[in-house]
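Residue numbering begins at 1 within each chain, and the chains themselves are lettered A, B, C and D in the order written.
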Amino acid sequence: MQVKDFQWTPGMTVSELVSQYHQVGYQSVELARAADVIIKMKKENAKIYLTFTSNMVTSGLRGFFAQLIKLKMAQVIVTTVGGIEEDIMKSTGETFSVGRFGHDDVELHEQGINRVGNLLIKNESYMNFEDWITPVLDKLYEKQKRWAVSEMLKEIGLMLEDENSLLYQAAKNDIPIFCPAVTDGAFGFHLYLYQQKHPDFIVDVVKDFGNILFSSSYDEKKAVIALGGSISKHHAILCTLLNGGAEYAVYMTTAHKTSGSMSGATTDEAKSWGKVKDDSDVATVIGDVTIMFPLAMIRALEELRKEGLLQDG
Amino acid sequence: MQVKDFQWTPGMTVSELVSQYHQVGYQSVELARAADVIIKMKKENAKIYLTFTSNMVTSGLRGFFAQLIKLKMAQVIVTTVGGIEEDIMKSTGETFSVGRFGHDDVELHEQGINRVGNLLIKNESYMNFEDWITPVLDKLYEKQKRWAVSEMLKEIGLMLEDENSLLYQAAKNDIPIFCPAVTDGAFGFHLYLYQQKHPDFIVDVVKDFGNILFSSSYDEKKAVIALGGSISKHHAILCTLLNGGAEYAVYMTTAHKTSGSMSGATTDEAKSWGKVKDDSDVATVIGDVTIMFPLAMIRALEELRKEGLLQDG
Amino acid sequence: MQVKDFQWTPGMTVSELVSQYHQVGYQSVELARAADVIIKMKKENAKIYLTFTSNMVTSGLRGFFAQLIKLKMAQVIVTTVGGIEEDIMKSTGETFSVGRFGHDDVELHEQGINRVGNLLIKNESYMNFEDWITPVLDKLYEKQKRWAVSEMLKEIGLMLEDENSLLYQAAKNDIPIFCPAVTDGAFGFHLYLYQQKHPDFIVDVVKDFGNILFSSSYDEKKAVIALGGSISKHHAILCTLLNGGAEYAVYMTTAHKTSGSMSGATTDEAKSWGKVKDDSDVATVIGDVTIMFPLAMIRALEELRKEGLLQDG
Amino acid sequence: MQVKDFQWTPGMTVSELVSQYHQVGYQSVELARAADVIIKMKKENAKIYLTFTSNMVTSGLRGFFAQLIKLKMAQVIVTTVGGIEEDIMKSTGETFSVGRFGHDDVELHEQGINRVGNLLIKNESYMNFEDWITPVLDKLYEKQKRWAVSEMLKEIGLMLEDENSLLYQAAKNDIPIFCPAVTDGAFGFHLYLYQQKHPDFIVDVVKDFGNILFSSSYDEKKAVIALGGSISKHHAILCTLLNGGAEYAVYMTTAHKTSGSMSGATTDEAKSWGKVKDDSDVATVIGDVTIMFPLAMIRALEELRKEGLLQDG
């Protein structure tokens, strides 16, 4: 394909821009390809594993994830526990605000504010979360003593009744949310306190491994969209791999492969799963997910909608 | 400002998307702010120094730069010599193509192809450039023996007659293009060969320093939009600083400040120039320019157009 | 402090080099400071939480971690499950090899080889791991049905009897190893298979949250050395924070704070914990851990040894 | 090669550490390879082009560069003009100091201090540079009116008489220093002011292109050691390429190839020059040069010294 002089036309849509990226160069080309791969995985009815780190839920992408679940653009979700907590906080009325990367952290501490990059969360929001979660754990415990994580999250999701909540939309649409390190956050602390009072209360992470394993079969087509790195990315790759590997993969990350980290692992390795047909089935985009993901996904949504392939659009 | 759940609406424009980025988080917030700063510098009639590295001209952004010059969105251009060469090549009929970062470079070498990231340039294009530039140097030499770089580039620009050429648009609109390291490329080699035959042919870089210095006055408002790093970024900062410093600055780069490099220097330092009023006058966006720059600039163009502030739109 | 001209002297030791880094610039200054902070935390008898991602254990740093545990340079370990698996593999005779980042992954797949950055692991090693771990799970199950992760890892460590094993050294020296996402790897799969046959076999991650919480008290001085990002870094920060915050922190990472990720979070935020006295108590080094960590830690070890503060040196 | 458990031994030298890096993993492997390539290029009597950006001279590496020139470890130098200015400043008594990346830049501005990453330069140093350079330009002008840059820098170097000065050592050892963008700094401003008074004073960058071109022949073996990116890296690559390409290349940079920038270009492309025999002739190390370069170079110096191949050691 030739490099083509890019030009703005007034009123340009996101879809038109991303379409032109194919012929611009560097990461813009990879971004345009990511949109193509997403379109392809949806058309081929692949089971889509969407993974993201908790800071994505801290950001405004949370509402987008909920919308995507509603639109059937993800069949399995994997995230870290901070993402669960903050989705709940937002559903129960907490607001986060936009600050600066360079805030004076000592000053923020004195004001009772926590910083996640350039986003700010009040301590108060964590306290309100505690007040909300404790009676919820009572209800769960009443129902049964031993819980797989994704089953617990479904119960919680149903209680939220917030269209913008990813837990609610997932529960409503019967999409499982997996969270392999469920204790690594405030939620973990509350689970611990609860178990102190109720020693027979058990969070069964081993059982949930079976649940994610059987969330797709060997014969089904599978796809991984991994936003950021960490456990959530690794878990989706591991579990699709144990089922024969994914046919499609889109990774978006600011990390680079030169460090040998999971965050920086590219879709090159996806070719080693033996099921990726060729380069048109995978794309790795280097860049901030808050910008890259809406661009690629909106392009895909517009194309799928045009072809009548979008449910509940 | 509060973090707001982002949601896609069908047919969403680039301007609508970037506007929502204000409330998403991380680099999306910085990108939205970059658009605001560009709008502000234009409204305040600042003299805009637009700088970019040559790989930006290799990419499809070249046509966008030409369009921006036409729209009076830049009053001074600073770039590296590769950008000059490739603008000429494209104007004289050469085509570049989109490849892959992971190409086998030995194989490409055997095919006579050069790789710039994931873009490809044929050796042939360089040879055609040589054929084109030699008679041009003759014409320049006939006119005068000693040339400041920007004056030479203006003469060349006028010869191109290509609306998508940044040299042509700059020449036509009387926008100077500065290129402090003019010998660092194929063009330098041809200048050298020419001087061998004509020892009194002189490229006067020192005189051009005066030209860029007087491209703005101490009292004028100044702005720097620096895409990527290198000499081009440094030169614009240096020269505006010698004139009292810029009031506005937008930097876009994949480099980080932790290495102490010019590429990674952020607009924090711009505050030390003493003329930046507050945080709303500067923005640093970390990310690939081919994606980030169209997004921020299109948002600015749409807003300026809406307010009737865009010339020749 | 003044910048000082660095000069090589024949036979220069690592400690001499790192000492000179104080006066070189950019990340070398941060690295030298990291060594100072490590010395300080040890002298002040802080409880040191050492965290690393599994790819660090894939690399040759695994033996260094074992040595550091032996030297009482860490009191609590947090890692991801891949690190556990690979420590066991190495102890049971598997060898990993050094390859290239650019390997053809399809070819590697055909050869039954897995790639982690530029390191290679044979499929066979995973199969041998399976053969080893299954009878071990039997022994654990015989002993008790419900296991906190760190307690299980201690039992396993004692079986390894390999001086270079971090699990063995940790078990022998009574240092707990925490692994909040214990199912996210081959080990998780084997736990799952085991639970299928023995439904009353429970891995209690909630109980282990209590264990890490009580691994230090509110009044003890605490320190975090976080290598790479992910869950392991977050978990140590979370748990020391719930105990009042750490007094000392050294982070080494290739990630940058501009993405808002945990991997890129710097020790600036550590100041918000309210216990860090000043800048001399924290250091963030941007760079590859395999290079940065030995440099800083060796400098610290040499200084501590000189002062007779190193146990079992 | 196998991954080997790394272990510290008291009194470990830099050379011993780097030697072990071969078997650690990720960038440590690349770093150890970089040392090997440097040893190889020296043993093969390749002409070594050493390039670095000006911030390397701001740092304490400046004295190391001078030492390397003295030890005949570089035959051609390419840098940016800031490096020239700061080498002169340091030779004429100015001192730079170590600060922090996070300094308040407005405050620094009020104190008349300039920040380069975490290094600080007083405005006063620039004023003293002005006082020193003006009579020097008089002397140069008296001698001749038209100067190639490298010839001018040699004259200046001889005036410095400072063993730690890279200009002095280069001049004394007849090593040319090339600086294609000589006007891009305070020096450029002084050249401009001088030319205003003496319009026949000419800095001939075109002639200097010939000088660097003939600094090696087509038949000689050539090597490039590029620290950081920018014009200096590009210029050395361009000029060796015009002479048939280098046989050896070591690049050290914090930039990544995914942006398509010169700073991020890896030695993979060096293979396309047609003269690199195999992977053992090139190495790309991702990381901060202030740490990486001393490590690799010291390892090379120690090995060369051991074999009696180091001149003037």
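Basically, a contact is a pair of C-beta atoms (placed from the backbone, for glycine too) under 8 Å apart; a residue touches a chain by one contact, two chains touch by 3 or more.
All values derive from a computational prediction rather than experimental measurement.
Asker: Using the touch definition from the top, list the chains contacting both subunit B and subunit C.
Answerer: A, D
Asker: Could you tell me which chain lies farthest from subunit D when each chain's centre is the average position of its Cα atoms?
Answerer: The most remote chain is A.
Asker: Which integer distance in Å separates the CA centroid of subunit B from that of subunit D?
Answerer: 26
Asker: How many angstrom lie between the CA centroids of subunit A and subunit D, rounded to a whole number?
Answerer: 44
Asker: Could you grab the centroid distance between subunit C and subunit D? Build each centroid from C-alpha atoms only and quote it in angstrom.
Answerer: 36
Asker: Among the residues of subunit A, pick out those that touch two or more other chains and give their numbers.
Answerer: 25-27, 55, 58-59, 102, 117-119, 256, 258-260, 268, 286, 288-289
Asker: Could you pull out which subunit B residues touch subunit D in their complex?
Answerer: Where subunit B meets subunit D, its residues are 53, 55, 58-59, 80, 101, 105-106, 108-109, 114-119, 146, 180-185, 188-189, 191-192, 195-196, 201-210, 213, 228-231, 234-235, 238, 242, 254-264, 268-269, 271-274, 288-289.
Asker: Using the touch rule from the top, collect the residues of subunit C that touch subunit B in their complex.
Answerer: 25-27, 102, 256, 258-260, 286
Asker: Can you list the subunit D residues touching subunit C in their complex?
Answerer: It is residues 1-8, 10-14, 17, 20-31, 55, 58-64, 66-67, 90, 95-98, 100, 102, 117-119, 164, 268, 279, 286-292, 294-295, 297-298, 301-302, 305, 313 of subunit D that touch subunit C.
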